[in-house]
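Take a look at the structures below.
Look for subunit A in each of the two complexes below; its partner is subunit B in the first and subunit C in the second.
Then we have the complex of A and B:
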């Protein structure tokens, strides 16, 4: 069942700034949707429009078939977790979680039951009588989630909830959020700028760029078949190597001296891309091109090699190669590489669409 | 900054002791004076040690009419002062909380203009606008009433400004969280805003109570009925004796009584007061 529908949602600010031109998205019940994009791409604005904290200038928002545009946040049956948690500093954890229910005139017994249940689920039982000031970052984060869960809403909204945690806690909470969401089966909209978070959490990802949804799909869809160079460079770390090229009869002409063979009926300017992990080391005879090594980052399990192209007219274009296991090539030496055709990505340079 | 220099300790303690003596001496003298008979002051020197008329003086001050034409006992005037001081304090706090709430959290036309107009009234304390204010109060038939004593002093730019700054420091996400939790304007005000500005309210309470208690000019102007005399203004009246001795002993006792409530408020709310000025619990 379709749970949340965003139909041509747009946002224009009173000063005329067109933050979001038009976004279409339909979310299935229980789905985990992640909105991801660089800062300023409008992802938070979109989330806040769904929450009702920001008015919707164009289009329609429906939750369970009901138009929500004019409804107050409290009437939309949503719950939101904020980046800074936004816990009420003067209330105990218990009251923080109970506040929304109290305002909805839920009876005391029911509130107590629900809060205790959720607290147990999140491991907050011992902290119920504390105030937010006495909690650690991770615990506050849990309380913020508890406050959302207690209400048992139709939709959870998360606005970069993990960005204030340290790296280790972030990974732990990420897993926890995913498990909780599966268990509760609540439709979730999650905003982040962290693509790892996006990939690991999402059932489907929405990559936003300048207020437009560049691509909507499962993490693997986006990884394997990015629709635009923007998505290609945004998803995956380190990001995809993208080179301007020409599609000619012989293949992809990257420079006057380098043409990678390919039969394709498109002709013209393209962007050719390959992910760092798909480049392979080979010897001089079988190589497609050479890379002058400039920096090596050894991460133990893998090695990232940064270099520049050695080709005529494309000299100095940086590329990254990702190899598994430790490698210690000499700086400034040449590295011979081959790029398997099946891993190529081609985009039309003008329309920026995948070919 | 921890320094171990003995002479510094000595000097700083000496300075502090001197300061305490300077402040406490007049209080001491007032206390001593209240234990001597009224005639003791005509001879030209001020006694520095307790006399034997203390009981009589305090009995007169506490139980009998204030004298010199004032037809009310001192404790009744204290009550008047208390009503006025509390009226001003609570009135100021309530009205400033509300105006700051409107200015910070609601979008309405000319919002900033409203704020600046309120802010400009800082330049117009009671003393400056005393004639027109008197006129208005007189026309409203509020002379000799508690309303007349308190109402004109209630509007406050300082408190509005203070609460505005306090409200502005409340993060927007907190407001939004409350909105999602279904708190309307009233609930938000009482459940979130008021508890969060608790320490500010306390700090302001101390300042405003003392301000209200020490009002002199305004009560002097609008009260002609002894039943509405406040303590601070009456002390002056007790002094202006046309013939005979000034009852210094009684006046000193009254002065001490007049000091008590502000001192009590400061001591009682000291903790919250300091917290309100330095603490940011948000």
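Then we have the complex of A and C:
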């Protein structure tokens, strides 16, 4: 069943700034959707429009078939977790969680039951009488989630909830959020700028760029078949190597002296891409090109090698190679590489669409 | 950071101007008042005799003094509560204004620049029973306004005149306090289903409590000690004793009634009250709730 529908949703500010031209998205019940994009791409604005904290300038928002554009945030049956948690500092954890239920005139016994249940689920039972100021970052994060959960809303909205936590806690909370969401089965809309968070959490991802949805799909769709160079470079770390090239009869012409053979009907300017993990080391005879090594990052399980293409006319084009296991090549030496055709990504340079 | 001076003389030299001002304009008069309180002086200041605690005994057996205390308390709390309520209302409204925000705020701050006596004169003219526009308007509305004869009306007048000036000050602090309340808290509360009215009373107002308490103390101190000018310009403590606050009584008994000893004894009592209020202020404000 389709739960949330965004139909040609757009946002224009009173000063005329067109923040979001038009976004279409339909979310299935229980689905975990992540909105991801660089800062200023409109992802938070979109989330706030769903929440009712920003007005919707164009298009229609429907939750369970009902038009929501004119409804107050409280009437939309959503719950939101804010980046800074937005806990009420003068209330105890218990009252923070009970506030929404009290406002909805739920009876005292029911409130107590619900708050205790959720507190137990989140491991907050011992903290119920504390105030937010006495909690650690991770605990505050949990309270914010608990406050959203007690109301048992139709939709959860998360606005970069993990960005104020340290790296280790972030990974832990990421896993916890995913497990909780699976368990509760609540439709979720989650905003982040962190592509790792996006990939690990999402059932489906929406990559936003300048207010436009560049691509909507499962994390693996986006990784394997990015629709645009923007998605290609945004998803995956380190990001995909992208080079401007020319598609000619002999294949992909990267420079006057380097053409990678390919038969393709398209002719013209393209963007050629390959992920760092898909480049393979080989010997001079079988190599497609050579890389002059400039820096080596050893991460133990994998090694990232940064270099520039050793090509007469294209000297200085940077490329990254990702190898599994430890490697210690000498700096400034040449590395011979091959790029298997099946891993190539080709985009039309003008329309920015995948070929 | 601690700065150490090589020799002992320089720090004292640097402190000297402030110490001199304190000594000449605060400590010396205070000491004089304290001394005076134990003497009975003749009206011309030619002779005086030591009377011990007699001035104080007389003071505390005088029903007029207790009446003045009650008047002061009523006056001070009225000024503080009225001034703070109006200022809070204005601050909440100014906080919502989007266009012309600065103009509103500047205009609302202006009255603070008006001297207390001028404020008094202003209101005195507005309410003058024979020619004041407000008084005439009240008369046409069926209210017989004459604060020269009616003690309650006199009290209303001094409360309004004193409050008016303080509203700007309160407004500034409330506005700053309101702007310090994170927007996301209000948004979270609106998602939590709280009406604007409920949001204000359950979220915003509690978060303003340090500001509110600070202003309560400041306003009480103001109404207690700094409204001499307003009262002198409007009612001169009358009619009868109806607006004769403790501070005004010091002046009236001392410089009009020429009872310098009794007036000094009242000053000493006031000094005690100031001290007490300072202690309360530091006790509570220094320990005010810290919101993260």
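Quick note on the criterion: the second predicted complex is superposed on the first by the 355 of 355 C-alpha atoms of A that agree within 3 Å, B and C clash if a C-alpha of one lies under 4 Å from a C-alpha of the other, contacts with A are read in each partner's own complex, and residues count from 1 in each chain.
The criterion applied here is as follows: contacts are C-beta pairs under 8 Å (C-beta built on N, C-alpha and C of every residue); 3 or more make two chains touch, one makes a residue touch a chain.
What you see is a predicted model, and the numbers here were worked out from it, not measured in a lab.
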Combined model on subunit A where subunit B meets subunit C, clash or fit: clash
Partner chain in contact with A:13 - subunit B first, subunit C second, else both or neither: neither
Partner chain(s) touched by A:73 [first = subunit B, second = subunit C, both, neither]: both
Contacts of A:104 with subunit B and subunit C, given as first, second, both or neither: both
Overlap of the subunit B and subunit C footprints on subunit A, listed as residue numbers: 51-53, 72-74, 78-80, 82-84, 86, 88-90, 99-100, 103-104, 133, 147
Residue numbers on subunit A that touch subunit B, as the complex places them: 51-53, 72-74, 78-80, 82-84, 86-91, 99-100, 103-104, 133, 147
Residues of subunit B defined as touching subunit A within the complex: 171, 173-174, 176-183, 187, 191-192, 195-196, 198, 281-282
Complex contacts: residues of subunit C adjacent to subunit A: 182, 184-185, 187-194, 198, 202-203, 206-207, 209, 289-292
Residue ranges of subunit A in contact with subunit C within the complex: 51-53, 72-74, 78-80, 82-84, 86, 88-90, 99-100, 103-104, 132-133, 147, 151
